[in-house]
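Labels run A, B, C, D and E following the written order; every chain starts at residue 1.
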Amino acid sequence: MDLIWLIPLLPGLGAAVNGLLGIRYFSKPVAAGIACAAMGGSLLLSLFAFAQLLGAEHREHIVTIANWIPPIPLETVSGVGQFEVPWAFRLDPLSGMMILIVTGIGFLIHLYSSSYMDHEPRGGYVRFFTYLNLFCFFMLMLVLGSSFLVMFVGWEGVGLCSYLLIGFWYHKKSAADAGKKAFIVNRIGDFGFVLGVFLVFFTFGTLDFREVAEAAAHMPVEAGGFGVISLICLLLFVGATGKSAQIPLYVWLPDAMEGPTPVSALIHAATMVTAGVYMVARNAVLFEHAPNVMFIVAVVGAVTALVAATIGLVQTDIKKVLAYSTVSQLGYMFLATGVGAFSAAAFHLMTHAFFKALLFLGSGSVIHAMNDEQDMQKMGNMRRYMPVTFITMFVGSIAIAGIPPFSGFFSKDEILAYTFQENKVLWGLAVITAGMTAFYMFRLIFMTFFGEYRGPSWEKADDSHGDHGHDDNHGHAWHGPHESPRLMTTPLWVLAVGAIVAGFVGIPAAIGDFIGVGNAIHHFLEPSFTAGLAGHGDEHAGLHLSHAVEWALMAFSVLVAACGIGLAYVNYVRRPERAAQWKTNWAGAHRVLTNKYYVDELYDATAVKGTMASGRGLWTFDKGVVDGAVNGAGWLTRAAAWVSHVLDKYIVDGLVNLVGWIFAEGSYVFRRGQTGLIQNYAVATLFGVFVFVTVYVVARYVG
Amino acid sequence: MAEAIAFYTLSILILGLGVAVITTPRTVHSVVFLVLNFLCVAVLYVVLRAEFLAVIQILVYAGGIVVLYLFVVMLVNLKRQPEEHQDPRRLAKIGLGLSGAMLVELAAIVVYSYSREPSSVTAPSPAFPVQGNVEQLGWLLYTDYLIPFEVASVLLLVAMVGAIILARREL
Amino acid sequence: MLEITPAHYTILSAALFSIGVIGVLVRRNIIIVFMAIELMLNAVNINLVAYAQQLQNLIGQVFVVFVIAVAAAEAAVGLGILLAFYRNKETVNIDEMNVMRW
Amino acid sequence: MLDTFIIPLLKIVVLLNAILISVTFMVLMERKVIAWAQSRLGPMRVGPYGVLQAIVDPIKLILKEDITPVKADKMLFSLAPILSLVPALVAFAVVPFGGDELFYVADINVGLLFFLSVTSIGVYGIILAGWASNSKYPLLASLRASAQLISYEIAVTMTLVSLILTAGTLSMVGIVEAQLTDGVWYGFVQPVAFVLVLIGGLAETNRVPFDLPEAETELTGGFHTEYSGMRFSLFFLAEYANIIVISAVTAILFFGGWLRPFPNVEALAFLDLIPGWIWLFSKIFLFLYLFMWIRATLPRYRYDQLMRIGWKLLIPIALANIVVTGIVKVLV
Amino acid sequence: MATQSAPIFDTDELVINMGPQHPSTHGVLRLVLKLDGERVVDCDTVMGYVHRGIEKLSENRDWTQIILLTDRMDYVAAATNNLGYCETVEKLLEVEVPRRARYIRTILAELQRIGSHCLWLGTHAMDIGAMTVLLYAFRERELVLDLFEEYCGARLTYNSMRIGGLPLDIPSGWDRKVREFCDVMEGKLPEYEELLTNNRIWLERTRGVGVISARDAIGLGLCGPPLRGSGVYRDVRKDEPYAAYDEFDFEIPLGTRGDTYDRYLIRLEEFRQSIRIIRQALDGLPEGPIMGKVPRLLKPKAGETYHAIESPKGELGYFIVSDGRATNPYRFRVRPPSFCNLQGLKPLIVGHLVADVVCLIGTIDIVLGEVDR
């Protein structure tokens, strides 16, 4: 476990090698090989570390590799604190799970990308892997960091990589704009996060998670009021909304789909966007002490889940659907954290990472097959052409829809159970969302894989081209949809298996008691959320529902999901015309949803226009008032000069001549100082020295 | 006695050659006088028991820097003498006067202060573990003055690079 | 008169320095001006060495080493600039090197 | 008075005369050696086997008309040969011909540096001669010469640093004594440095194969094309004095000076019957002979090749030698 | 070649006169060199300092008297000059030369080649600074001169041939001395090679210096070793055999790179080939008369002829017009190899350093007496 610092370092090294040398010198296979090897090594180390962690008595391990910021005394609310940040990594169950997700899915996506990005020119290809590795480096740093500041390095780093990767095809304006949007929106969140971190230091005098948690544990729960911990949590949550695309800062994530699909899968589905959830979970103790903020978190999560799901209902871009689905599922996670079910949130995070990465990669495979076509209306009947993709994506969809025994069912159900216990209204929203989720996911599946083929026609591949195999089909001549190469389907298979089995680590108590298996992940993760609360473990929110209620809830949610699927089947497979009918019948609602509730327009009208308007206002002020004053002064001067000129010329002629003569001579003298002759300047210097020496002589010997 | 003879002889030579440097019309002659001047200064250093400096003075100044001047003088193949053109705004005479006045003032300070309190002050350097001028100088340079010494080497490197860049034909 | 004190060296140094100053201020050939600067540096060095001898302290000599190093650097760069200037303008007259005024 | 003035003065007088006379005989020796190398007889007419040629040559040179070109810079034209000769002679001040005080003019603690600095002055004579002649070939040659001298001076100086590291002193006498203490000639300790100094010495004295500044067949005699008579002979003297001093210094630094071979082997103590100065002189003669031998054998390098050897070969090797010496010195 | 990027500043180009009084211009050649630093950027060849009007003089001389004048052209290879002239006139007169005379002529010509190459080797090496080679080469040249002296009484301007044959038969024992000389020469060649061929400095000075391609060499009209150094197989002895060359076995050395070093190697090999020819000629020296049947009064019938031989320096040709009435040529014209090779000097020199100039003058091996005539 002492080697965990190598886990982020390996991808970092890969990025350095590829970035510094590779872009210029390496061939595609070499670059991809280096990147994959770095990730693979990292994965192996993670597995190793995780295994050790499972076997260890004390499930927390901190490795300090260097002293980053030496102790600096800074004033805090509780006196003078030593502002000291060691470069330390922390391995505990939560971060252990996260590194497994990041390295595991990261490795698979690296493999997938090495084939998916093959049609890129060499430089871009290497650049892509450089960014990807760099992302993993920062993500792992974020996850492993043992203090807010180390985490913040990773936090900002993944933001940077996200920006770079969204704008990977920077020559495309929409991509570049999307990158900028993501970056700027994230900055707003980061601002909150940084303020939160400042406040943490100001309050606790340290930035170490563990010390903060221990300190916070001894402070009273701010149940009634809105104290300093609440403020910290709120600020941190603002950061989380930015990174994890929650209302109101979710707008960047759908646009981020401009990036290459593996990027969407890795960054904007499986890992980076969950950083916010991770961060909140990491500071579980803090949030526990701020119930009001918890409630805000829960509401925001639930509303985000619902809103994103509704938008997802009508999107036709395959990746946009998945993007809104991601936002929605992230909302679920926040809902879970908001109701105190941190382990449920983390559990859902993990299962979601599997099936959402799977879905994205599958959609990438489809897009790949359709020659970069993303509109689902132009697809259809794809299962005929790409059975593997179909099967795996189908599995993913079932998982996300929450059909047992696929993973999504368990995690979602746990969240629903907790929410039910905590707040029935939120539970209602969540259940509706679950139904919608099932609907739009199967809408996606049905539109894409079933029905008639609606895409463009293609020339039949003649025999001479047949020899070239699949890889040759990109770019030049498209020979119709086709199954993706082995390198792309393998990760799909692996993730599909993951999407099926990942849920078994968190079997709910009701079923668990029935078949004699405990909720493994719940117990495993528990120490991470109660760190520093040695005696308070039992006090922590648990599920106090009876098994009957649980069973009922499960059955209900499965029913809702099944309804969603059925609705989708009816509308898009059996009677596709019904969908169009709906569209016309509910035109207004459809328009609102298609335009994503006009949120972008709203932001544009308020934030962007507002900034512009205030800028213009300042400019007007500058031009009108400041310049006016200057010009007025100038005009006054001119007027006065004219008056004095008249006086000079006509009234006091003799005096004027004298004054003029003095000025002429004077200017001549002064101008002579600026001769451009170095030696004259030297004379001046010498004169100065001479004066000094004279003063000295007089003062010392005469005076 | 011996020191006095040496000092006065050398002083006359140094000052005379110094005057020659700045008065000779031909630049090459100036350079030659400069070399001779530096040699005399080196001998003065020997009188002052700074043998190492004396040798360095010859090696670096006379053997190195002034050769550079000589090269430049020979490369700068003047088609017209620089003294042909004079800017009317120069303050040469004032400069001359000021320099003279400075000299008088400085001399007055020195003479006056020394005639008052003949100096016998010494502030010996701390004991060295080595003997001899070179060794002691080396000791100082490589212990107390190591960083300035290294900085000086960097300075020289930078100057070398700069001079090469400047002197390249295609600037 | 026959006993040579640091005062003697100081006066010699001052005289040599003044000669250098005059050279800098009066001559129009920039090469000679450079050489006059070298004279000034040497005047300073004489002073440093003389006082090192008087005070029985080698630090003065250490400084002379640095002065020589700086002088070498100055000569190299200065003459490099001078050559570059000469190639462009065909002159070494300091009075014609005034394109940077006003 | 006697010790401070008279005796050193006497030594200087004796030394100078010895050098000047030995130069004339060295010229004869060179002519003879090269003649034999080229299967000729060399001078045979003046005196038995031409021995008196050594006296006749300088007389001829002195009696020849001393021409100053009209457009030459008179002062520098006269000064240049002097500037060339004086450093060559001054360098002898620190050359010890024996361990006893009788055999050297001065043993200063910066002897080796003094030698280097004084020889670095010699370049003025050549530059000024070329420039003052106001003639194209000499100018070209003097530029070549000064570039060559400066480059090789750097190489030689750097090489000698490693020797100084080995000996731990800058005094010439001290270096010989260090060889006695160490019981080995430094030529065997520092073979690389020896070869570099030898090559650098050839270049610094403008000898074949580095005789470009005076390459007759290219530049019609080099920087002293316009010189004749006495002033020419001063250059001549300077060159040969330089050769002698380089040989002497090489012998002292690398071949134990006045020490006998294997100075620490007791069994060879009978060799001490031969006085030290004879040992030194025979070593110097060996080097002189080597110089002449090389002159008879090798063609001449081209200017760019010469500079390349100096900067890209000798100086890096010298630096590497310093590093290696330093490491060995620290380790041992 | 080697032109650097054009300098921005108009730096001074130094113009120096190399020659006519210069130790390395092999006589009174004058080169006006324009230098940029040490690099030659332009070169003007000025000649004519020893123009004596030999061609015009010859038009007023008796056919036999002209032999005397040809000695004065390439004065280090007088015998080949004689040979070329005599053969040309013989061609004009349609005179048969006895076989013995042709053999002896061949021996003389090849001895002459050795002598001339000795001089070339010595001076060329001297120019590059290897002074000992000069004296070694002259030592052997002395032997050649001795042989000529014994044969015809002269050491430089031999006047050693007559139209239709030879003035004298070889003295008794001369052939033995020639054989001895061949042995000596063969023994001395390794000495030269030892001093030069593998000498690092010699290699650095000559390898890659003055490279001229075969195409350029032909275009410039070069002949002799400079042409063969570039790999062009051209030797009059093989291409249009004269004297008795068609009866001997010898080889023509060729270069590959066309640089100074190749030309050096070629000439060294020519020493060996000459020795080989001389030995064969001595072995097969036939008995018989040394003069053909030539009329008392030489008066060729009207007509013109051109005849070339391979002199040590290259293709030496004579062009003679007879009007059929006078006892002197109507028009007399020489194609001297040195003159033609001098054409190649400028392209060789430009772009090289001053030090290479002397090396290149040496490598083309010119004699100004022949250039200026």
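List of remarks:
What we mean here is this: a contact is a pair of C-beta atoms (placed from the backbone, for glycine too) under 8 Å apart; a residue touches a chain by one contact, two chains touch by 3 or more.
Keep in mind that this is a model prediction, so the values were computed, not measured.
Listed by label, the chains that touch chain A and also chain C are B.
Note on connectivity: the fewest steps through touching chains from chain A to chain D is 2. Chain centres were defined as the mean of their Cα atoms; on that basis the chain farthest from chain D turns out to be A.
With centres computed as the average of Cα coordinates, no chain lies farther from chain B than A. Top-ranked chain pair, ordered by C-beta pairs in contact, is B-C. Taking each chain's centre as the mean of its C-alpha atoms, chain A lies 66 Å from chain B.
In whole angstrom, the spacing between the mean C-alpha positions of chain C and chain D is 33.
Centre-to-centre spacing of chain D and chain E amounts to 43 Å, using the average Cα coordinate of each chain.
One finds 29 Å separating the Cα centroids of chain B and chain D.
Under the contact definition stated at the top, the residues of chain B that touch 2 or more other chains are 52, 56, 64, 87, 90-92, 95, 98-99, 102, 106, 133, 169, 171. In chain A, 675, 677, 679, 682-683, 686 are the positions where the chain touches two or more neighbouring chains simultaneously. The set of chain C residues touching two or more other chains comprises 21, 25-26, 87, 94-95, 98.
By the touch criterion given at the top, residues 14, 16, 22-24, 35, 38, 125-132, 135-136, 139, 195-196, 199, 201-202, 204-205, 353-358 of chain E touch chain D in their complex. On the side of chain C, the complex with chain B involves touching residues 1-12, 14-16, 18-23, 25-32, 34-36, 38-39, 42, 45-46, 49-50, 52-59, 61-62, 64-66, 68-77, 79-84, 86-87, 90-96, 98.
Contact residues of chain B toward chain C in the complex are 1, 3-4, 7, 11, 14-15, 18-19, 21-22, 27, 30-31, 34, 37-38, 41, 44-45, 48-50, 52-53, 56-57, 60-61, 64-66, 68-69, 72-73, 75-76, 78-80, 82-87, 90-92, 95-96, 98-100, 102-103, 106-107, 110-111, 114, 118-119, 121-125, 133, 136-137, 140-141, 145, 148-149, 152-153, 155-156, 158-160, 162-167, 169, 171. Residue ranges of chain B in contact with chain D, taken from their complex: 2, 26, 28-29, 32, 35, 39, 51-52, 54-56, 58-59, 62-64, 67, 70-71, 74, 132-134. Note for the complex: chain C touches chain A at residues 21, 24-26, 33, 94-95, 97-102.
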